[in-house]
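Chain naming follows the written order as A, B, C and D, and within any one chain the residues start at number 1.
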Amino acid sequence: MNASLFVLALMDGVSYAALLFLVALGLTLIFGVMRVLNVAHGSLYAWGGYFAATLGLAITSLTLPPWLALPALLVAAIVIGGLLGTVLELTLLRRILDKDPILQLLVTFAAFMVLEDLQRLIWGVQPVFVSGVVDQLGTLEVAGVTYTRYQLLVLPAVAIAAFVGLRWFLGRTALGRQVTAVTHHREVATAMGVNTGRVMWLTMALGGMLGALGGALASPTTSFTPGIGADMMVLSFAVVATAGLGQIGGAALAALLIGLARSFAVYLMPELEVLMPYLIMVLVLLVRPEGLFSTVAARRI
Amino acid sequence: MASNRIVLVAGALLAAVVAVTAAAPWLKTPVLLALANGLAVCGVIVLIRAGQVSFGHAMFASLAGYGVAFMGRAWQLDALLLIALGTLGAALAGALIGLFMVRYRGIFFGMLNLAFSMVLFSVLGKFGHVTGGTDGLRFDRPTFAGQTLERAGFETALLALALVLALAAGWVVMRYFASANGQALAAIKTNETRLEYLGISAKRVFWGGYVLSATLCGLGGSVFALTQGLVTPEMGYWVRSGEIVFIAILGGSGHALGAFIGAFVFEFVKLYAAALLTGAWQMVLGLVLIVMVFVAPTGIFGLLSRRLAGAGASR
Amino acid sequence: MKRTLLKSLALAAATWALGHGSALAQDKPAELKIGITTFTSGAASVFGVPAKAAAEMLIEDINKAGGIGGLKVVPTFIDEGIGGDKMLSEYRRLVQEQGVRTMLASISSGNCNIIAPVAEDLKVLNVMWDCGTEKILEAKRYQYVVRTQANATTEMVATVLYLMKHRPDFKTVAVVNQDYAWGRDSWEIFINTLKVFKPDVRVVAEMFPKLGASDFSTEISRLQALRPDVVLNTSWGGDLDTFVRQAGQRGLFRGNTTFVMPLLESSLERLGAAVPEGIVAGARGDHYWAHPETASDPRHKDFVARFKAKTGANPIYPAYHMAQALFGLKAGYEAAIKANGGKWPAPEQVAAAMRTLKFKAFGREISMREDGQGLEAQLLGVTKRDPRYPFAVIDQMVLVPAELVTTPVGQQSGNWVKSINPALAKVLTTSQFQTHAFK
Amino acid sequence: MSAALLSTRGLSLKFGGVVAADAIDFDLMPGERLAVVGQNGAGKTTFINICTGYLKADAGTVLLAGTDITGQSPRAITRRGVGRSFQLPQVFGEHTVRECLLIAASAVQRRGGFWAPLAQAVDAAEVDATLELLQLHERAHDLAASLPEGQRKLLDVAMALVLRPKLMIMDEPTSGVSTDEKHGLMAVLMKALDERQVTSIFVEHDIDIVRRYATRLAAWIAGRIAADGAPEQVLRDPVVVKNVIGE
């Protein structure tokens, strides 16, 4: 493949990775704090997308100024993500912390099943899609190929912003430090007077928003149909596992790795496209059981 | 829980199944599917015994299923032989993959299984010229023990076989749990360090359990494939794997009987929820499980055993 | 344990002996129960839901007009979205518990594959009302299975003919199809047929993104880099919507590539302004709400109006296929009753009658063949924007007669398309085929 | 030397900068009952972990009855006849006390093949005798997790004892046990070890216990053995008094 094709594959890979990263970021954050792998996270992606589309339609039907479209995406993500995250935390996760990890995983799986059907009941089964934003922002040419500014600039920008923002929040703010503390050692943090309950609620809401944000940002270029959540779930899962659970920086690299592998596959060996994320996941886990960027502590006896 | 009571319950269940399917032949398919699921769940229960949960075990069902389909198409083998070979295939795959898996525990174990199963899933879906792609592979109804049967007869025979297999699997699993290896397997859940300091290899013990679980999933997959005469990659999708674990918890992972009780509840809730309130069966099942986890974490079997043997004996 | 086992087995033997003596008595039932499989969940419900609406409407009409053979038609719907195995259970429940003897199944070719042999075993009439795979009826002779609409071969060969008329001079072609049987098979038929007419055509890219893929940006970039003359895309539902939208946003349609989308008709209204002019669009058969020959026919007009009132959109091809199945079924029963001396016919008698049937739905007359395959013409055209509508419409419509483009009885499509006479390439340009503008 | 049951030569291990084991030369004779004292972090547990294969030494060798077992896995070393108990008892919480011992017994002997139920696969009499010996027989059918700390410690030892070891290494067998129970606990342990004629090493902080039950005492300071010999004499050693007993 020649240089220009290389550039193209790079572009597509990056914008795809950006979305993947946002979703994975939420998943890994939640795991870090709750020590629960939230299977329902995939549904948050779907709900974010559907809700964003609904807002988009509202904007056009109420003939509100079209520039609202982009902020609307963010609002959609914050509202639905925060809402669902809170509900999940208060009604389920909070109550299963002391339970067998298997049960914890299963409860989130059950929540996933419920959300899948609820979503179908609310938004139906017809493909949903509102692309106003993308058309407003227009396109630009790269190596003779037209890209939308949206996918080439907005998506990576938001992803980076989310990454930097989260880093700053966890590292620089008091509340963020509490979250980090709980991540490292829940008991100790509680002993030090950290309000664990609040931290967990915050985390679920935040993680939910990130997952929903992934969906919201995908909605202008993707038709949302039932089942989209399950696919994104397992993909973001692959990212998180490859990076190592709870690894925020790692998730970014893993998402890039998977995104690029996928887009290069389309050019070089299209048959392997779908296989790529999972191949990478298997290979990484076989060599590094805890993922690329995390390490296990030896058990004290 | 007194074992003769269990026998009673099992017997009652058996009689019920036979009577019901005889009264309403159309029920054979769902019952067969439930039994197939139950067999796979037995496999997952073995892992849960060791405190491990796999989000990819449907891969062994689908491996066996595709084995059955391939051999059924290529050599028109007998149903019994197909089941045997399909299961064997899954067992071998389990033995091989198990070599990697024994190093992993907890979430990592679950993830690696998921990863393997998704690779298989994508491969089956992608290389259509061999695997029939996402439409899967069809194969004609094979002979059964040398007999060429009409659909009705074939399903009756298959059902009888599945019942026998279910009883056998249940017996094997319970016997295994009681055995030295089974007890050591259960010890992996609580303390591997001590196992090592007893001179017992946790990895070897776990490997044994993994192979058994893969075999049982394969057995389930083979029966499933023969029931349908069709295998699709969906058989190995991660959501299917999730369902198997789901059923195990629903039915109660303490006892093989729980696996089959759970499988039947699951199958019929799914069937009727799908028929009555279209498009909401997942929600119904999801809510059922959530309730179960909070009110009866030991599953339906846990409740049942407490009923039968009085409180406290549910362990 | 052993005793219980023995007991239950004995019970089994007894009850089974009773259970299986059921012969199919053919005295006239009180009402005509029919089972209809359709997608009410899952991605394909974009077809299933409109089809269901059409079925409810038309069955109501039929019953108002005295039903079929004097019997009230009572439909039961099965969701194909619950998966092949569950659907099969439901299908069998209807037959073996409810005693339904007439089934309309199904949309998915995969499900047709599952059901056809079962229907044959259960001895129930099965009308394949929407699935396209040509292989079923070519691979095996069925007694109880018929299809009241065209199959994939008819659709794709007709599409190639239209392409040859619309843009005879092209050198390179690429494909972006869904990665499942329909996507792969339709491409195979398309390219094999094309090679007959253009042995030197170059295939520059074969891309099969997975069914339900949500992001085609890489495929689109690759197409922009390759700039093929023709791009085939036989996908449908969310996949097609997503592809068209992303392609539009990326300016893929601005080049001088001709896009061929045989299922575009079913997405036109949903996609609205996203569909540009100049795309070769198909409707999987001889039907369109603005059908050049029947648009003004009061029956059709009325159907479209009421469908729109009921669902808020114009009918798309699955709705028409449902109509064909129901009208075909009605005609079949009436013919069978006549042949049976007024007595109520058994499923195999209806199936036999349907094999020699000629009937009309909302397009041209459909004639059934002895292999159970219906001969249905194919409507193709090119998209055009019309100020009267917020969505693209189909213009320059041509009706390709099924006889020209359907594999003859007893032959396999795979071989037949290779043996097509190259002269056929120009047939549509001959005077006997007029091109209808959208009105 | 060849008579020694356990001996180490030049055993060294560093964690980052911290010296956990500093060229330790050490011999244990059959029949001895060695107490190990030392401040936390002096390297007592590290020494045990190296000897039983849980940790790998940077340098040095470990010999068991003259054969080199350096770097072997805990499993291999256990099979050679070294039993061990832990500061935090390592028991099977979800099994009953008796089941724990049955599992342990199944490590050394199996009867009736793969399918035999555990209870029949091993010598139950042996197991019950051991329960009796460590006075756990009344709790035989309670969950291991439900035992009080003291009895969990006994169970921890019992599981190792069922293996019929030549050497028993116990890491703080009385830690986490109230002072008035300590002596009772040690009495039971020592009686059992005597009856089974097991040479033993035990880490202990309580000097009374040491005086009372040890035949030999080794004092650890900063990863090396500062003093080694008869308890009374070692306890009089000023270095030990200053750094270990801390008066």
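By definition in this document, contacts are C-beta pairs under 8 Å (C-beta built on N, C-alpha and C of every residue); 3 or more make two chains touch, one makes a residue touch a chain.
Keep in mind that what you see is a predicted model, and the values were worked out from it rather than measured.
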More contacts between chains, B-D or A-C
A-C
With centres defined by CA atoms only, which chain is the most remote from chain B?
D
Using CA atom averages as chain centres, what separation in Å is found between chain B and chain C?
37
Mean-CA-position distance for chain D and chain B (Å)
44
Return the distance between the CA-based centres of chain C and chain D, expressed in whole Å.
77
Residue list for chain B, restricted to those that touch at least two other chains
125-126, 193, 279, 281
Residues of chain C that touch two or more other chains sit at 40-41, 179, 210
Counting only residues that touch at least 2 other chains, which ones in chain D make the list?
86, 90
Of chain B, residues touching chain A in the complex
48, 51, 53, 55, 100, 103-104, 106-108, 110-112, 114-116, 118-119, 122-123, 125-127, 193, 238-239, 242, 245-246, 249, 279-283, 285-287, 289-290, 293-294, 297
Across the complex, what residues on chain A touch chain C?
4-5, 8-9, 11-13, 15-16, 120, 125-127, 129, 131, 134-135, 139, 143-148, 150-151, 218, 221-228, 231, 262-263, 266-267, 270-271, 273-274
Interface residues, chain B side, partner chain D - complex
175-176, 178-184, 186-187, 189-191, 193-194, 196-201
Using the touch rule from the top, collect the residues of chain A that touch chain B in their complex.
37, 39, 92, 95-96, 99-103, 105-107, 109-114, 116-118, 120-121, 230, 234, 237-238, 241, 245, 271-272, 274-275, 277-279, 281-282, 285-286, 289-290, 299, 301
So in the complex, which bits of chain D are touching chain B?
52, 73-76, 78-79, 84, 86, 90-95, 99, 102-104, 106-108, 110, 114-118, 121-122, 159-160, 163
